[in-house]
Amino acid sequence: MVPLSWYLGLSALLFTIGTVGVFIKRNAITIFLCIELMLNAVNLTLVSLSGFFGDVGGQLFVFIVMTVAAAEAAVGLAIIISIFRNRESLNVDEIDSLKY
Amino acid sequence: MTNLLLEWVIKTIVILFILVTAVAYVTLMERKVMAWIQMRVGPNRVGLGKFRLWGLMQPLADGLKMIFKEDIIPLQANRWLYVLAPALSLIPALMTFIVIPYGSHITIFGYTIELHVTRMNVGLLYVLALTSVGVYGIVLAGWSSNNKYSLMGGLRSSAQMISYELALGLSIVSVLLYTGTLDLVEIVEAQSGFHGLAWNIFHYPLLILVFVIFYIASLAETNRTPFDLPEADSELVAGYHTEYSSMKFVMFQMAEYLNLITASSIATTLFFGGWNGPFVGRLPLLGPLYFTVKVLALIFLAMWIRYTVPRFRYDQLMRFGWKFLLPASIVNIIISSTVILFMR
Amino acid sequence: MELEKLLFIVFAVIAIASALNILLQRNPLYSALSLIGTLLALSALYVTVRAEFIAAVQIVVYAGAIMVLFIFVIMLLNIPKDQPQIEKQKALRYLAIPFAGLMIAEMFYVLRWIRLSTLPPVPAGNAEQAVGTTWSIGTRLFTDYLLPFEVTSVLILMAVVGAMVLARREGD
Amino acid sequence: MVNYVPVLLILIIALGMAAVIIILSKLAAKSRPTREKLMPYECGVEPVGTARERQSVKFYLVAMAFLLFDIEAVFLVPWAVVFRDVVRSEAYRHLKYVFYGEMMVFMVVLFVGLIYVWRKGILEWNK
């Protein structure tokens, strides 16, 4: 059998890749994709723990997380569309009107 | 374990072989049915040497012709995605069939063979998942060709597919209320009562409406007339596969016909008892026969509709899907669950 | 039983490779497609811990709906490629590598303490009601987790209204 | 989870099939590219402008509405699967109206969403 620690390690690696992506990418949509990747990494932790402990609660949690991710994607992409319309750019370095 | 693996490999390869052959002959059937409806003869020349065989060799000739066609990749196209897209629409179409049961089980030399490749606790969701992944092939084909018609066709087609996927999914939910399982093998086995005629559609009359919704939605999913907007040849040349030629074009066509066959098989499984029929308990070999006949009947129905009904306009299509089919399938769920709650 | 480990490694490698590809690609469309690769690999991994239902939902919802939305936006807006970023503090890059190595080493050190290595046995006789099947999800979700479930519907409703307001222009 | 191995099998075989088909057409057919053949097809005339133009945001709105109802469908599936068992079993008997009612509430809330989308004219394409 594959030990639990392998799943957790993979999940940590994916989460790290997602985090690095959020930092090094300049395109709002790619950053968004990296956030989805981080969510998925956490989902992997929840699902594998739920499987190994024999409790379905973690999987229900993942189910809810997916719904939230869907809602987040809908609103986030709408924001991206409206930003792109106004500024013709998705470079997060240029979208800094709120910066003091 | 090794035995089981061998059984799976053999079953998978046999299934794929049957599917590819079936696709070839469904195209012939389509041309024959079209000719018949339009009072023509249809393809009847291609045979073996002197024997004409009613045009039965036509698909083979078509296939050979397509192989030797020039394979064009437009200069401005996105090469990788352009090559990937037809594979992305063909592969999910091929993969659905492993959960569909086409018979109970037969015994050869003391070795019992179940007549389905595998069974899953989430069988129907697996089918839905593959259907939803099938959109990518079309979107990417449209985008990567770098052609206006392709892009328009791809976008329209994917919007249409996702719209009707909803009606499809929700109509399946109404069936689930009665079957109580997602496992297709169990769904079929539950319908084997009354001399193999306890089909869901006879057993639960409300499912007739559900079947109509399901069938319309699956016609739209498979992009067939009256829902062939993506390829509306009078407006969009050929839609998302305008730029495709040779075997890549064939892959899209294969995917389309495979989806038709899959949709018909799912409809058979959910509503018409799958492989069930009279005497199937005594002669298990009748199972695959009944299954094939039912699937062919549904495919024939789709062809009949294709050559009878004109194409929708795009706004009509979206209105029909969202404002009629979707609310209708939700209402169906509500009625079905209420019936189950109070009547049992 | 080594077959299971081999499968895990194959899917893990696919997941990590496509996750890295998200970062390496400049074109957001390719990044999105790589994310789909990760999602599919993760779904296969869910199956290996017997979360069949979640694995299917992962494909239906994530790969089949959320990512379609992403790809639609990328195609509709025709988003330009990422520009290479301007390096502000170059020295930090060389500092980052040892730190990252340290963190990874620490993580693997911690993971060594987790001893759980087998899935609990499937209860004999009712495999259909084991953890991870549709039945187990259905019975728990609509009883113990009723509140999150109902709140979800309100959340989705709000998301629809919000997205509609943001994405539509007046008179559109 | 042995039942899922055939998925992997058929995936590999289907991938192989797709690869063989693509390679076969590369090998069998002659390739004589000309400038006209490699141009985007626009009914025989020189292509005008580029295909990479911005498209209507309506497609996004439809995809978003789809996302909403896809989630609804996915929540309905486990509910529908256990519904009959819950209604019939003795253990869950006291729960059966709750079980029915909660999904009705869920569907009503999402139906409000559909009505909103409908009223806002997202589903109209002929304007």
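Chains here go by letter, A, B, C and D, matching the order in which they are written, and residues are numbered from 1 within each.
Assume a contact is a pair of C-beta atoms (placed from the backbone, for glycine too) under 8 Å apart; a residue touches a chain by one contact, two chains touch by 3 or more.
Fair warning: this is a prediction, and the values are worked out from it, not measured in the lab.
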(message) Per-chain Cα mean versus the mean over all protein Cα atoms: which chain has them closest together?
(response) D
(message) Can you check which chain pair, B-D or C-D, has more C-beta pairs in contact?
(response) B-D
(request) Could you find the chain whose CA centre sits the greatest distance from that of chain A? (result) B
(request) List the centre-to-centre spacing of chain C and chain D in whole Å, with centres computed as mean CA coordinates. (result) 18
(request) Let me have the rounded angstrom distance from the C-alpha centre of chain B over to the C-alpha centre of chain C, please. (result) 29
(request) Averaging only over C-alpha atoms, locate the centres of chain A and chain D and give their separation in whole Å. (result) 21
(request) Any chance you could list the residues of chain A touching two or more other chains? (result) 67, 70, 73-74, 77-78, 81
(request) Enumerate the residues of chain B that touch no fewer than two other chains. (result) 120, 125-126, 132, 151, 155, 162, 181-182
(message) Two or more other chains touching the same residue: where does that happen in chain D?
(response) 4, 52-53, 55, 57, 59-60, 63-68, 70-72, 75, 77, 81-82, 85, 103
(request) Specify the contact topology among the chains shown, as one of line, ring, star, complete or other. (result) other
(request) Identify every two-chain combination in which the chains touch. (result) A-C, A-D, B-C, B-D, C-D
(message) Applying the document's contact rule, which stretches of chain D touch chain C when the two form their complex?
(response) 1, 4, 8, 52-61, 63-68, 70-72, 74-75, 77-79, 81-82, 85-86, 92, 95, 98-99, 102-103, 105-106, 109-110, 112-113, 116-117, 120, 122
(request) Would you pull the chain C residues touching chain B in the complex into a rising list? (result) 29, 33, 36, 52-53, 55-57, 59-60, 63-65, 68, 71-72, 75-76, 128, 133-134
(message) List the residues on chain A that touch chain C in their complex, please.
(response) 1-10, 12-14, 16-18, 20-21, 24-27, 29-30, 32-34, 36-37, 40, 43-44, 47-48, 50-57, 59-60, 62-64, 66-75, 77-82, 84-85, 89-91, 93
(message) Touching residues of chain B toward chain D in the complex: what are they?
(response) 4-5, 8-9, 11-13, 16, 66-76, 83, 86-87, 90-91, 94-95, 98, 117-120, 125-126, 132, 145-151, 155, 159, 162-163, 165-166, 169-170, 173-174, 176-178, 180-182, 237, 242-243, 246-248, 250-251, 313-315, 318-319, 322-323, 326-327, 330, 333-334, 337-338, 340-341, 344
(message) Can you tell me which positions in chain B touch chain C when the two form their complex?
(response) 120-122, 125-126, 128-133, 135-136, 139-140, 143, 151, 155, 158, 162, 181-182
